[in-house]
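Labels A, B and C are assigned to the chains in the order they are written; within every chain, residues are numbered from 1.
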Amino acid sequence: MSTIKKIRNLKDLSTSNDRFEGAHLLCPGCAHSIIVRELMNCTDDNLVISSNTGCLEVCTAVYPYTSWDTSWIHIGFENAATSIASAEAMYKARKRKGTLKDPDAPVKFVAFGGDGSTYDIGFQWLSGAVERGHDFTYICLDNEVYANTGGQRSGSTPLGASTTTAAAGRVSYGKKQMKKDLVGIMAAHGAPYVAQLAPNKWKDMIKKMQTALATEGPVFINAISACTTEWKFNPKDTISITDLATDSLVFPLYEIINGTELNITYRPKNVIPVKDYLGAQGRFRHLFKPENAHILEQWQKNVDAQWEYLQRREEARV
Amino acid sequence: MAEKMELDKVVVWDGNYAAAQALRQAQVDVVSAYPITPSTGVVEGYGKFLSDGYVDGEFIMVESEHAAMSGCVGAAAAGGRVATATSSQGFALMAEVLYQASGMRLPIVLCVVNRALASPLNVRGDHSDMYLGRDSGWIQLDAFNAQEAYDLVLMAFKIGEKHNVRLPVMVHQDGFITSHTAQNVHPLSDDEAYAFVGDYKPLDELLDFSRPVTYGAQTEEDWHYEHKAKQHKALIDSRVEIDAVFAEFEKITGRKYKRVESYMMDDADVAIVALGTTVETAKMVAEELRKEEGIKAGVVAPRVFRPFPFDAIKETLANVKAVGCMDRSAPGGALGALYNEVTSALHSGGSTALVTNYIYGLGGRDLTVDAIKDIYRELDKNAKSGKRSGKIQQFVSLRGPKLEYFE
Amino acid sequence: MRQSENPKFLGTEELLGWDEVTQGVVLDSFVDEVDNVAFLKQEERPYAEFNSFTASVADWRVVKPIYNRDICIDCQNCWIFCPDTSIISRDKKMIGIDFDHCKGCGVCVEVCPTNPKSLLMFEERQDIDEALSKWPEKKKKSKKEEEK
């Protein structure tokens, strides 16, 4: 019988037995594994996990090693959502037919994908699985770039970021397009629960992940995953960069229930300027040149507008 | 609990419906599918069974064929019986997942209703989709009519699920000509069919929580080769299991299947090698020509397209003087697949047969009795003169100036 | 502290033949059945050789964290934010660092709230006892910081 693990504080959480093992190949300081560990530790239920091709997958399952202490499947770049949704369908079928080895064991189905595989190449697969209403949670590990292949732009890359395929150069300031609002898109699917979270705010993250797992039906979560290699900061600063992201409201933390009830779940005591967040990362360094000042201004305007929108939507309950 | 259906001893089913019935009788746990002409009838038939209470499994109508096969892989890894159907563009779209499925050694049954690949867009039957999947690592069986579509789908589950095989299996049938043509079929009863296929026995399943497994690891240059060699070996070795299942099926039904079907080959001077419905037409023509023109004609068909029945082909064609390899797929700058694979088998046996490659029937172009007669006559002329009358690659029933290549 | 005597560095595995690799490239996490691994501590798990837990990435490090038990308040920040499951916590107490799996990223030091910090980065070859004996003093807030 699935029960929500009682976690009152970090010490409670620390009694969890990690099911994500070390000696994986992720970069030192990578936030992906912090997020994965938090997900796996927020529940004691059995987990069946799928991953799209990407950093997480490539660094945790290179023959002859696996870092997963739960059943895990990777098929390709696009289809983690479909593979976990169909594993869940098989679970339903076998439960009905009585062919499961341990039919009473509680189990949750979780898919992980990077932003490249979630916002871009695997979007259709995610959309379809959510539309069909399978009972699973999809967590996008959003580092705003195709990190695993060396830092190319994705639909999640924000304005002005320098990536290898939309580089800052003599005649360009980097990516010209805005970041896709995937959380809004998935809320519009009518998913019972979608949320944006960050690993630095572990309490908020754990609460949302527990809600996600307890929600019957499809859940989409966007998790900011600060990437030391592609965002270009010292590996030790992963959590402090994430702090800047959440406190500047570049990465607001909120949830949307049934597509209409938006709740902002973190209101920073002191909102810091966006340029403090941008300035801490090498991928935005060129924005501080005088000719790009208008981009910095635009950034602050966009973040302010986004925050305003979230607040209005929270009030209006639409 | 799924309801059972009372079936007549002889029914009138088209190839699509026959496949759907076989899926129903096999009690598939998860069907993950997407519609595409001309395979749609398989999933529609199955969907209707579900709605009427004859199916206990899950039926996921996904949002693309790539998702359909992805769904099959995820569900198969979760330890149950899985199947789907597709054609042409859908088959092409799921191509990467086909390779992933076989590399992961997951039993899945895919009903391929063969249809031409675009461009130009075409919904009729030809074998270009089958040829696209040649190297995908699947066991591939070919049905020439609705009865065989039904029989082979049932057998496909049994073959692929054996723990010493553990490979996905395709069952091909010609689009429209088989899939949409109502024919007599002698089905097994629901109980007989399920007893033959048997319960699914999981191996390495995601849903055994006492034994967590990792599927889909990466292998680099230090490991990849050994894994692929192991997979190839499994595919080659599956011949033994395929033969065993064919034998078991014959015991129950009296219908005998062989990895290479041969008709009147004992004394044949000339032979056509073909796949699909062409085989039945060729049989008819061969009989007629023997009677009317004394041409010692025979027909050879690789029932099991993969693993390619190299030895059986070599043996069956050993004494033939002229062979026509008929390829129903746009050849793309080379000789056709059947031609290439048959001649390599013949060559290894030291055969001196004259082999011609006949490209035909593209996009559903009808292959007439007269056209086949002409082919046999040409083969006979070649055999008697010891010389090929034209170039190696010919185009059957092509309007316009004659095209022929390779000599 | 946990560190293997004969570390199994990545890439040093015996290269096996096609007949010995696993079918379908499937990897087992454990060699025995487990009841629910969420209830088993790492030291209780029957790890398979395939499990990366049995491997070492110690050779990735250039610097390593040294942990001062006397100053630590067991807040568990380092435990939750370690990307490499290398902070060993049992019964809500920090008991050490898994030096087989620690990559020396330094996140644990950054998130440690004590003053002085209970974790500090040192050269890889630094002797632990020596480091502990020379632990820095509590940092006094500068007048500027106090005025903030």
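FYI, contacts are C-beta pairs under 8 Å (C-beta built on N, C-alpha and C of every residue); 3 or more make two chains touch, one makes a residue touch a chain.
Source: prediction; values computed, not measured.
A comparison of the B-C and A-B interfaces places the larger number of contacting C-beta pairs at A-B.
Central chain (C-alpha centroid nearest the global protein C-alpha centroid): A. Note: centroid distance chain A to chain C, computed from Cα atoms, is 24 Å.
One simple way to say how far apart two chains are is to compare their mean CA positions; for chain B and chain C this gives 54 Å.
Distance between chain centres (mean CA atoms), chain A to chain B: 43 Å. Looking at chain B, residues 104, 209-210, 212-217, 219, 223, 227 sit in touch with two or more other chains.
Under the contact definition stated at the top, the residues of chain A that touch 2 or more other chains are 46, 61, 63-66, 68-70, 105. Across the assembly, chain C contributes residues 21, 25, 27, 29-30, 36-37, 50 that each touch 2 or more other chains. Residues of chain A touching chain C in their complex: 10-26, 28-34, 37-38, 43-46, 60-61, 63-70, 105, 199-200, 202, 234-240.
The part of chain C that touches chain A in the complex is made up of residues 10, 13, 21-22, 25, 27, 29-30, 36-42, 45, 49-57, 60, 74-77, 79-86, 89, 91-92, 98, 100-107, 109-111, 121.
Here chain A touches chain B in the complex through residues 46, 48, 50, 57-58, 61-66, 68-76, 78-79, 82-87, 89-94, 96-97, 99-102, 105, 107, 124-125, 127-128, 131-132, going by the rule given at the top. Looking at the complex, you find that chain B touches chain C at residues 103-106, 166, 204, 209-217, 219, 222-223, 225-227, 229-230, 233-234.
Of all residues in chain B, only 29-30, 32, 56-58, 60-64, 66-67, 70-80, 82, 96-97, 100, 104, 199-200, 202, 206-210, 212-220, 223, 227 touch chain A in the complex they form.
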